[in-house]
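Chain lettering (A, B, C, D and E) follows the sequence in which the chains are written, and residue indices restart at 1 in each chain.
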Amino acid sequence: MAGNGQEPRYFLIWFILFVLTMAEVGYAFLALPQWLLATGLILMALWKALLVALYYMHLKFEPKRLWILAASPLPLAVILVIAVLTEF
Amino acid sequence: MSWLLPDSYSTFGPDVDFLYYAILVVTGVVFVITEALLVYFVIRYRRRDGQKATYIHGSTKAEIIWTAVPFIAVLGLAFISIPSWNMMKNPDSVPADALDYIVNAKQFEWEITYAGADGVTGTADDISTINIMHVPVNQAVNITLRSEDVLHSFFLPEMRVKQDAVPGMDITVWFEATRAGAYPIGCAELCGNLHTTMGGTLNVYEAADFEAWVASQSADADDADDADDQEDQ
Amino acid sequence: MRDLFGCGRAMLMATAAVFATACGGGGGEAGGGMEQEAAGEEMASPVDMATAGGIHAMVMFEGMAPEMDAIDMASEPNCAARYTDTPMAEEVVVGGGGGLANVFVYVREGLDAGMSFPTPGGAVVMDQVGCRYVPRVVGVQAGQDLTFRNSDGLPHNINASPSENRGFNISQPVNMDTNRNFPLAEVMVPVRCDVHGWMSAYVGVLDHPFHGVTDMEGGADLGMLPPGDYVVEAWHERYGTQTASVTVTTGETAMVSFSFSEAMAANAVVPMGEPIDPHGPGAHTLAPEAH
Amino acid sequence: MDAHAHAHEMPWIRRYIFSTDHKTIAIQFLLMSLFFLVVGGLLAMMMRWQLGFPSEPMPGGMLLPDEMMAPTPAGAIMLPEFYNSLVTMHGTIMIFFAIMPLLVGVFGNLLIPLQIGADDMAFPRLNMASFWMAFPAGLLMLASFAVEGGAAGAGWTSYAPLSASGEYTGVYLGQQLWLISLTILGFASLAGAVNYITTIINMRAPGMTWFRMPLATWALFITAILILLAIPILAGALIMLLFDQTIGTAFFLPASDGEPLLWQHLFWFFGHPEVYILILPAMGITSDVLANGARKPVFGYHAMVLAIVAIAFLSWIVWGHHMFQSGMNPMLGTTFMITTMVIAVPSAIKVFNWLGTIYKGNIHLHTPMLHALGFVSMFIIGGLSGVFMASTPVDVYIHDTYFIVAHLHYVLFGGSLFAIFAGITFWYPKMFGRLMNEKWGRIHFWLTMILYNIVFWPMHSIGIQGHMRRIYDPTQYEFLQPLQPINQFITMAAFALVAVQVIYALNFIISIWKGKKAGNNPWKANSLEWTVPSPPPHGNFELVPIVYRGPYEYSAPDVEEDYWLQDAPPPSETAAPALEPQPVAD
Amino acid sequence: MSQAAASTADRHPMPGMMVYNVKLGMWIFLLSEVMFFTALIGSYIILRFAHPDHFAEPGAVLNVPLTAFNTFVLICSSVSMVKAYAAITQGDQKGLRFWLLVTILLGTFFVGVQVVEYIILAREGFVPMAELYGVAHEIEGAALYGATFYTMTGFHGTHVTIGILCMWFVLYRAWQGKYSADNYGAVEIMGLYWHFVDLVWIILFTIVYLI
């Protein structure tokens, strides 16, 4: 798994994360409608989260079964939040 | 040990009772068949030495049957329940001519305010009583249910009404009594040490008696200073 | 003894060794009360009776007594059955001679800071009869037992909500007594019954025994005090408080009088649960007359 | 296998108290949860006394301190605060400290390594930590009875704002201890769940494919996943409620704009997977015992596994049926009604498959088989009475009445507890090396079965007639007074039911020394735990077993006995070649 | 594989997840952590929908530039962690120790900034029960906004602190030379935990500070 191709990739990912963080902070203070801001920011956050999970946690090089296991709680979180949000 | 529902005296009654008895019949039949099969199999296939059980692993056909049949049965029960649930709980299914009440639940008593003829609460003609609710018969009643401290549950068994009072929320509860009489009010949600004393009475009057009660209340209201009534709600 | 035995009985519960530490905490209240009583027996009251003088307060009510509402006891039939005529609210009770009853009168300032008064052994009883607190206003000393008695035999609950002391919310389902005490001085701990909204009572908790509640004639006796200048306060649940200064001389009973009127109800500030410290700063300087 | 070699020199304290052997930990969980089962039962008896004879002096009442029993000249009468604490603690102790540890703690630890052919759990030390977090949590829960203000009194569901601020109940420290105790128990359950899932996925013996695992292990595997994903939600909610109680946050306090309904949503989002955590292992145990008793393969093994998995998936989208009348959005009510009705289907499938299992069997009515049949018959009633609540308009009438109490006791007592009796009696030889007495086992079963129905069947009836839940003194309500004779009848039957349990307790204790010696396979079962001596040595298997067939090859035509051990090599080379343990499991 | 010759040596357990136990155990533990933070963050989202007026605009109460820098620090610590992992997979003991130390320092710095931010906010009165802590004024609605903010970021901070303590332990074992090119399980699961905590912070930073 520890092929020599790893070295540049870590710093590349680190740089992308840095850029995304700066983009997020900038984007957050633009004068856009609230819902547009929120979705944009959440997408960027998920993108960063995915990057960390795939490359730093080596999910990319694990058997596909571990992907299913890793993603299993996410639908539950979505179900809980959306169901309760219909209250308000 | 009867499984029969006590009589119901509101427009919800027939629907709820019909659904209850429908489910009672369906589950009763399934109950009798399965328990009878269980007992029969245990007796019929009891231990006989030197003889082995039949070696069956299962049959997909049987699986499909006893997946599909319960699925259809329960979905059927679900879909016939939707209309009456909508009628009971959907705020915009409250009839327009309903009389307005505020039921304010607090630890260990119900403060019930009738909005008076003008239908607006907070005016001089409001009548507020403790634990006793006065309602005309055959007339829809629209209750705004509130709570001052903890969760309570406004329970009218004969009217087939039960709704939790949540502090911080105004919840609409409505019903229409179909027979005059005195019926119990109960609190069905644990609300503290003396949850057991939160009983009350729902007096359903004929139209004339209700007018007489309103008149008598407004007569008492004149000599007591009205400021008290306002500040009571 | 009973509390210790109560704590012992609790030991028999099927709880583990952790219980011992928790029991220490649980029994604290009962334990605390016990030490104070023991101390009380030896120390007699520090007031030297030879040179002491009394204070008698007279509280009058000017003008027409406000009309009290009738209590609607319909929701509690077996309480309503005890009254021949409809029970009236007791917020303002004016005697025949214009005296205002249920006024809590006590010495607010002027006591010598060094003096500390033993907690009287006897318990003050607050009874619940006919869905009413009898007496409606009562004074106790800090740490003294206050017995709530349920003589109605139907469920009452006693919800005390002081701000200085710890509140409690106890219930009495049947004829029984429950003892509680307030360790800290606090003028007027409000007590109410959640089951019967119209029931309310007030308990004045002080560090000293010089307090009294006016009777139907509006008179109240504050006991024997060492000579000196004192500030006496009268507290009423609807009309708020008034203070007056009085000088006690040996052998005589000083008179102090207060008067309340309906007009005061509008902007009355009724202290409920505020901490009062009788050994206030400058014990011997008179507080400005506050009417 | 070094752990196996030096097991004997371990000091006494390492072998029995701080043991990392999954079998010893199972026995530790067993003793702890049986103790709490007794405590929970006694609390229930005090409740039943108060419901049967409200405001009459309770015999033995003067043993309890004055904060619980009002000392009156006639005797000690129970105070409402204490009754609410009993309601809360009976529910909490039975669910969290009796049934859950019995099913997941005992059978999880005992069966999983043995049934999949592993020498121990994946993380033995974590397994030991799991017990040594659960036990103190139990002590903390019991200690909350003795603190000032008494134990928590807001129901085992602890709805806010009643539970969020002490001024409404007078209980301050008791409620906080309740919250802390359950949070610690949450850590214990999580430690267990991580252990079980890793062990089952990674440590199955060669040949033990997914569809050759016994249904008990399947049920425990799916239960561990439910625990893994549900308990953290409860831990989060408990911590938020603890902050509301202590440092003045307002998650659930409506006074400063908190949301009481948020607590109910969080609690029941955990709550419904929780009730399936309480029943799935019982279903697994019942399947194993029924197949063994009927000497016949489980009918529709694949369907049973799919039913368990379906229950696991659906259990996450039904929680709203606990909140139909709670002020939740009525539109949500309709959605949750449909999902709740659908979740009844997998349970129905399992019941029909159990009937299929005993159909045309050769039924040996040993005690575990009796209890398993008891489970099936009572679970039928419990499951069917659940359908009433799924229909929202009917739930309007029966919510928070004794109909619900009857339903939950039919699935928990009639369901889980009967399966636990079956499981303990069935695997008793594997734990202690001796068999429990058959005669007394049967006597206990029939007495419990009859008395149990006498106690809980009438509860349906008083529930239908409007008797509300958690009522301290039903005679305060006029319309409940005619039901008082039934309440008294239930109380007396309940006392008899608890008295009868003494038979099982004695049978359990005496058989440890006096029971008939059991060999490797007293019940002639097939799964791997019956291929090792009873009780199995440290490290379980001398040689890692190779599995050739499923666990339910009873009365197989190619073998003359009516059972066929999973690791018995096929009779001859010519027979179908043994299933090669394929590198990639299906 | 003929049955007779199947001695213990080649009786391997079923392949299962094809990931060694400790790593699978850590991944499963992280699932439960995801659900724990779901409860906390879910409640925050729900309460914010229920009472939007209690929650301030981004940057109004909370200091965004400081926490943005803090996020960057945590991302750097993630990189150094994965460098440590890469080092040990090649058996480079010195590299492991160096990068582990860097990660610990960055992590401690992150927690330090977090604590400083809490102190500033508390002094401004952004505390659920101001009078409890004797703080002058309370920013309106801090009972709800403050509650959710402190609970989420507080528990995240606690997880980071626990991570740092475990990393000291792993570093101590690394000094003893316990790990090598084919025995680096502990380092890997330490990495998994650390990246998970970083991942949670990335989501928290966006949802709490920027929306």
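In this section, a residue touches a chain if its C-beta (ideal position, glycine included) is under 8 Å from a C-beta of that chain, and two chains touch if they have at least 3 such contacts.
Everything quoted here is computed from the prediction, not taken from an experiment.
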Path length in the contact graph (subunit B to subunit E, fewest steps)
2
Fewest hops from subunit B to subunit D - one hop per pair of touching chains
1
Looking at B-C and C-D, which one has the bigger number of contacting C-beta pairs?
C-D
State which chain is most central when centres are taken as means of Cα atoms.
D
Chain centres computed over CA atoms; the one at greatest distance from subunit E is chain C
Starting from the Cα centroid of subunit A, hunt down the chain whose centroid lies farthest away.
C
Averaged-CA centre spacing for the pair subunit B and subunit A, given as whole angstrom:
47
Just curious, how far off is subunit E from subunit D if you go by their C-alpha centres, in Å?
34
For subunit A and subunit D, let me know how many angstrom lie between their CA-based centres, rounded off.
38
Cα-centroid distance, subunit A relative to subunit C, in whole angstrom:
64
Indicate the residues of subunit D shared as contacts by at least two other chains.
79-81, 168-170, 229, 233, 257-259, 261-262, 265-266, 472-473, 476
Subunit E residues touching 2+ other chains are 17, 19, 24, 28, 31, 35, 38, 42, 46, 50
For subunit A, residue numbers touching 2 or more other chains are 72-73, 76, 80, 84, 87
Which of the chains are touching one another, listed as pairs?
A-D, A-E, B-C, B-D, C-D, D-E
In the complex, go through subunit A and note every residue touching subunit D.
72-73, 76, 79-80, 83-84, 86-87
Sort out for me which residues of subunit D touch subunit B in the complex.
79-81, 84, 87, 153-155, 159, 161-162, 168-170, 254-255, 257-261, 294-303, 325-327, 330, 333-334, 337-338, 341-342, 344-345, 348-349, 351-353, 355-356, 358-365, 373, 376-377, 380-381, 384-385, 387-388, 390-394, 396-397, 399-401, 457-458, 460-461, 464-466, 468-474, 476-479, 486, 554-557, 562
Complex interface listing, subunit B residues touching subunit C
106-109, 111, 129-132, 192-194, 196-197, 200, 223-225, 228
Residues of subunit D touching subunit E in the complex:
118, 122-123, 126, 190, 193-195, 197-198, 201-209, 228-233, 235-237, 239-240, 243, 247-251, 253, 256-259, 262, 265-266, 543-544, 546, 569, 578, 580-581, 583-585
Which stretch or stretches of subunit D touch subunit C in the complex?
39, 42, 55, 62-67, 70-72, 77, 79-81, 139-140, 142-143, 145-148, 167-170, 173, 472-473, 476
